[in-house]
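The letters A, B, C and D name the chains in turn, as written, and every chain counts its residues from 1.
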C-alpha cells in the first residue's frame, strides 16, 4: 500500500541510515494529520513544506509524523525523533496542551523548538527557554487585540465567552487586559460543546452591545451559525481562529461582517506575502490559512538561520534565529527578549469576494505588540 | 417429636392477581425425605425460591435450625447449611468436575477470600472433594470439563456440590429431571441413603421416585397445600385425587 | 508444557530479544516503544483481572489509569516547584521517588475502584459497561475543567522521577524497571488466578447462582477483583506518566478505555499474557501503519475488525485454543 | 434569571433532547431487538451529515439534502449490517464493542479520506432561517422546526411499533427471539431493516443538527456517548424510555450549564463560580446517569439487564 503524498515528503527520511552530513539540518515536524483537527496541521505542514521546497536545499531534511492531537502521542513522537531520527529542530505542534507536553523536555535536551502555532503563556513567562521560539504569536495576543479593538471602537458592554480550559481562561484574561470597562456577561462553556442556544439566549437577555468569543475548531463554526440564525445581531469580534480560511468554507455567509483579529491576512501588502499566497494556491489549489502562513514563516526563519550558522554551534544558531533575518509574510517581524514575536495585529472583516468568503483587513488593532510575559522570562 | 430442621409459617406471595403461595406451612423433619408435588403452575418453584432465599414472601416466615431466616438471602442461608440443587444444572461449565466440588468446599469453609496458594494443590480440600466425587461415582471424571459431562452426570455433580457443603438440609429441585430410567434409579438409590445425613425437601415430577423415596408428601395446588401425609395417606386422600389427579389417578 | 505456556515463553523471549536487538542496532526509540508496550500491557493485565476472570466489562478503566497518572503528576509537580501538597492538618510534600508515587497511585486508584465498583456492581451486563463509562467521563470532564493541575493542558514533569539505584532517564534502565513491574504483577496475577479467590471469581463469572448457593457472595468477589484491577491499571498509569514525563486529561478519555480493552481482546481475554501480546501487536501496528499512510487508522480498523470476526479468542486464542484443562 | 429566559432555555433543552432521541431510538431498537451494542452509531450520524452537506452543495436544496441523509445513512447501515454486524449477534458484548470500535476508525478516517480534512458547509435553508416571535420570546425558527420534526418522528416511531406489522415483529423480537423465528418471519431481513431504520434516524439527526453545527469528522462521537447515556437512563430496549431519557439529558445539559454557574454565584466570587459551575455542569449528565442506575439498576423503563 503506497500513500504517495507522505511518501514523497518522507522519502528523505528513508536515507536516514546514511551518515549525516556535517552541515545538514534535520527537522522533526509533529503535527495533527488525522481526526477532527487535522485541517490545521495539514495547513501548517503544507505552508512549511512550500517554503522548504522553494528554498530547494538538499541539506534540509524534514521528518513528519501525526500526533493524532493526543499529547502522549506527541511526547512519544518527540522521543522518537530525538532518539532515532536524531533531529536538530522540532516544530509543527498546533495545540497548546501538546506543546506543553513536548517543548520543555525537547529544549531541555538541547533541541531547538520553533512553534508554528501554539504559544501558551507558561512557555513565554517563567518557562521560557533560549531554544524555544514562537514564530506565530503569544497565545494571548489575538484576544488582547480584540479587547483593544472593542475599547477603541467605543463599545461599552461586551459579552465574552470561551471554553472552560486553560487556553479559554487565558483568552478571557487577555481580552480583559486591554478591555477594562464593564462586561455584560462572562461565561465558560464546555470544551467541545456544539450547541450554544443556551449561551445565545443569555447574550440576548444580557443587554450587551457586542460579543467576543474564543471557540476554536468546530465549536466556533457551530456558534457562528447559530448566532447568525438567532437574529441577535450584535456586532461580533473574535480571534482569527474561528474565521480562518479553512473554516470559513464551513461557516458560510453566517460569518459575513464579523470582525476578527489576526497578525496575518492574505491581503497584507508586501511582496513576500503576495508571492506566498500565489505560490500556495498554485501548489495546493486552495487559499492559504493563518496556519499555512505561520508554517511558511517558520520554515523561512529556520532557513535564514541555516544560512548564517551551523546548527551544531548552538549559540550561533540561536543568535541567527533570534535575528529573525527573513522576509516574513507579515512584513515587520522581530523577536522580543522572550523569543516571542513583536508584530502588528490587524482587524479583519469577513467579506465575500466573488464566490469566495474570505477576510479583508479593515484596520490595525495593535501596533508592534509584544506580549505580557516578557518581564517574567529570565534567560 | 423432634423439632423440624426447616419449616415455614403461613407463607404468602402474590404476583399481581396470581396467588403463588397462599398460607403455606410446611416442615422438614430430621432424617426424612419430604416430597413436594403438584401440577405445573401450582407454585412449587416460587415456594422453593422462598425457602432458598431468592425471593422474599409478602408475609409469613421461614425458619431454619431454630432461627428465623426470612430476612436472609440465599448466601446467608447456604452458610447456615441449606444446600440446594437446581432444576436446570447451575454449574461452572468451564471448570473441571473437581473444581466445582472444591468451590462447594470453599463455601463450606468460608475460605474463598484467600489470594495466594494454589487451590488445586491444597491436599486436604482435594482429598475431601475427591471423596465426595467418589460417593456420587464421578471420581473418574474429576479432571473432565463440566461442560463435557452428560446430562445425568451433571445432575450427580449438582448433588455432589451440595454434599460438599456438609449441609443440615437439602433442597432438591427435580433432581430426576431429564434422567433416563437407569439414571433415575441410580439417583433414587443414592438419595435413599442420603436422608440419614440430612433431611431432603424434594420437588419432583417422577412419581415412581417420589413414592419410593418419600417419608411424607405434601401436595401443592394453586399455591395451597391441600394435603400432607405418608405415601399411602396421600394416595387415598380424596381431595388430592380430585384436585390434582382427577384424570388417571396416581400410578 | 501446554501450548499456552509455550506461547507465553515465546512472548517472553521476544520481549527480551527486541530490546537486545535495539541496543545492538543503536535504535533507542525501539526501547521506548518496548517500554510503552510493557506499560500499556500492564494496564491491560489490570483490566483482564476484571474482564477475563471476573467477566466485568469495564468501559471506564481509563479512570484508574488517569488517577495513577495524576498521582504521579501532582506529587512530582509539587516536588518540582518545592511547594507542599497540603499543609494542614498534616504537612504533605511532593515527591520524585517512584516507589512512593507508585504506592500513592495504587492506593488512590484502588480507593476510586472501590467507590466506582461498589456503585457500578449493582448493575450488570450493558448497564455495567455504560455506568463505568459514565464514571470515566465524569473524571475526564473534571480533569479538564479543574484548573489547579493544568486542566486540559495537563502537567509536564521535566525530569523523570527517580528509582533507587537506577538512572531512570536512560531508556534501557527505564525499560528494565517497567519490565520488572510488569513481570512482578504478572506473577502476582497468576498466583491470584490459581488461588481460592480466583477459582470462586471465575465460577461467579460462569454461574452466579452456583456461587451464591454454596454461600459465597459474588458481589464481594467482584468488588475485590474490580479493586485489584483498578489498582494495577492505576500503577500502569503512574508508569505511563513517567514514560511521557507528562499527564493530561486524555489519560481519562473513553478512547483510552477502549484501547486498553482492545489490547485485552486482541491478545486474548482471560489469558495471562493476552494483554502483553495485544499491546505489542497494537502498538506495533500503530507504529508501522502510521508510516505508511495518513489514513492509517482505516487499516488499523480493518485489522481489528478481522481479528474479531475471524480470529476469535485473540492472538493467543487462535494459537492455543482452550481445550480441556487438566490439573 | 427571568422567567422568559428560563422558558427559552427549556425550549433549547427540549430541542437538544428530541435530537438525542433520534440518535438514541436507533441504538435502543438495535439493542432491544438484536442485543447488540453499536458504538459505530455515531458514525452513521456523521454519514448523514456529510451526505446532506454534499447534496446541499450540489443541488442547493435542503429537502433533497435531508432525503439524501436518510438514504445514505440507511444504505450505510444496511451495508454494515450485512457485512459485519450480523456476524456479531451471537457474540458477547465484548466482541461487539471491539468490532464497532474498529468500525468507528474505518468510517471516520474513511470519510476524511473521501471529503478531506476541513469541515463542510451546511446551513439552515433560507425559508427556515431567522427568529420568530413566540409571544415575548424571540426563538430561531429552525430550532422550532427541529422540535416539531423530532416530535413527529417520535410519534411516528411510536405508531410504527404499536400498529404496523414491522412493529409487531420488532416487539416480538424484543420479547422472544425464538418466537419470531417460529412465526415464520425472515429474521435476518428483519434485523437488516431494524438496523437500517436506526441508521436512517441517526443520519436524519446528523443532517438536521449539522445545519446549525459543524459538519466534521468525529462529530458523532460526543453525541454517541450522550445517546448511550440516554438509553441507559431510559432503560435499554425501551423507545419510551429513550424518549424520556433524551428529554431528561437534554434539559439537564442545557439548564445545568446555565443554572449551575449562577447558583454558585450566590455564594462565591463570580470568576470562581463560573469555573466551578461550568466544571460541575459538564459532569451533570453523568452524575444524573450514575444516580439513576444506582436507584434503578436497569434504567427507568428497562426490563432486562
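Criterion: a residue touches a chain if its C-beta (ideal position, glycine included) is under 8 Å from a C-beta of that chain, and two chains touch if they have at least 3 such contacts.
All figures in this text were calculated on a predicted structure; none of them were measured in a lab.
**Student:** What is the graph distance from chain B to chain D, where chains are linked when they touch?
**Tutor:** The least step count works out to 2.
**Student:** Please indicate the chain closest to the centre of the assembly, with centres calculated from CA atoms only.
**Tutor:** Of all chains shown, the one whose C-alpha centre lies nearest the global C-alpha mean is C.
**Student:** From the centre of chain B, which chain's CA centre is farthest?
**Tutor:** Most remote chain from chain B, centroid-wise, comes out as A.
**Student:** Identify the chain pair with more contacting C-beta pairs: C-D or A-C.
**Tutor:** C-D
**Student:** So how far apart, in whole Å, are chain A and chain B when each is placed at the average of its C-alpha atoms?
**Tutor:** 75
**Student:** Using Cα averages as centroids, what's the distance between chain C and chain D in whole Å?
**Tutor:** Chain C and chain D have C-alpha centres separated by 32 Å.
**Student:** Taking each chain's centre as the mean position of its Cα atoms, how many Å separate chain A from chain C?
**Tutor:** Going by mean C-alpha positions, chain A sits 35 Å from chain C.
**Student:** I'd like to verify one number: the distance from the centre of chain B to the centre of chain C, where each centre is the average of its C-alpha atoms, in whole angstrom.
**Tutor:** Averaging C-alpha atoms per chain gives centres 44 Å apart.
**Student:** Any chance you could list the residues of chain C touching two or more other chains?
**Tutor:** Where chain C meets two or more other chains at a single residue, that happens at 141, 144-145, 147, 295-297.
**Student:** At which residue positions does chain B touch at least two other chains?
**Tutor:** In chain B, no residue touches two or more other chains.
**Student:** Could you check chain D for residues that touch two or more other chains and list them?
**Tutor:** In chain D, the residues touching two or more other chains are 108-109, 112, 275, 278-279, 282.
**Student:** Hey, which chains are touching each other here?
**Tutor:** Here the touching pairs of chains are A-C, A-D, B-C, C-D.
**Student:** Could you please specify the touching residues of chain A with respect to chain C in the complex?
**Tutor:** For chain A paired with chain C, touching residues are 1-3, 5-6, 10, 33-34, 65-66, 70-72, 75-76, 79-80, 83-84, 96-97, 100-101, 104-105, 108, 120, 122, 164-167, 169, 188, 190-191.
**Student:** Going by the contact rule at the top, pick out the chain D residues touching chain C in the complex.
**Tutor:** Spelled out, the residues of chain D in touch with chain C are 31, 37, 84, 87-88, 91, 93-95, 97-99, 101-106, 108-110, 112-113, 225, 228-229, 232, 236, 275, 278-279, 282-283, 286-287, 289-290, 293-294, 297-299, 302, 305.
**Student:** Which residues of chain C touch chain D in their complex?
**Tutor:** 51, 57, 59, 119-120, 122-127, 129-131, 133-135, 137-138, 141-142, 144-147, 254, 258, 261-262, 265-266, 269, 295-298, 300-305, 307-309, 312
**Student:** Can you tell me which positions in chain B touch chain C when the two form their complex?
**Tutor:** 52, 73-76, 78-79, 83-84, 86, 90-96, 98-100, 102-104, 106-108, 110-120, 122, 143-145, 148, 161, 164-165
**Student:** Where on chain C is chain B touching in the complex?
**Tutor:** It comes out as residues 191-192, 194-200, 202-203, 206-207, 209-217, 220-221, 224, 324-327.
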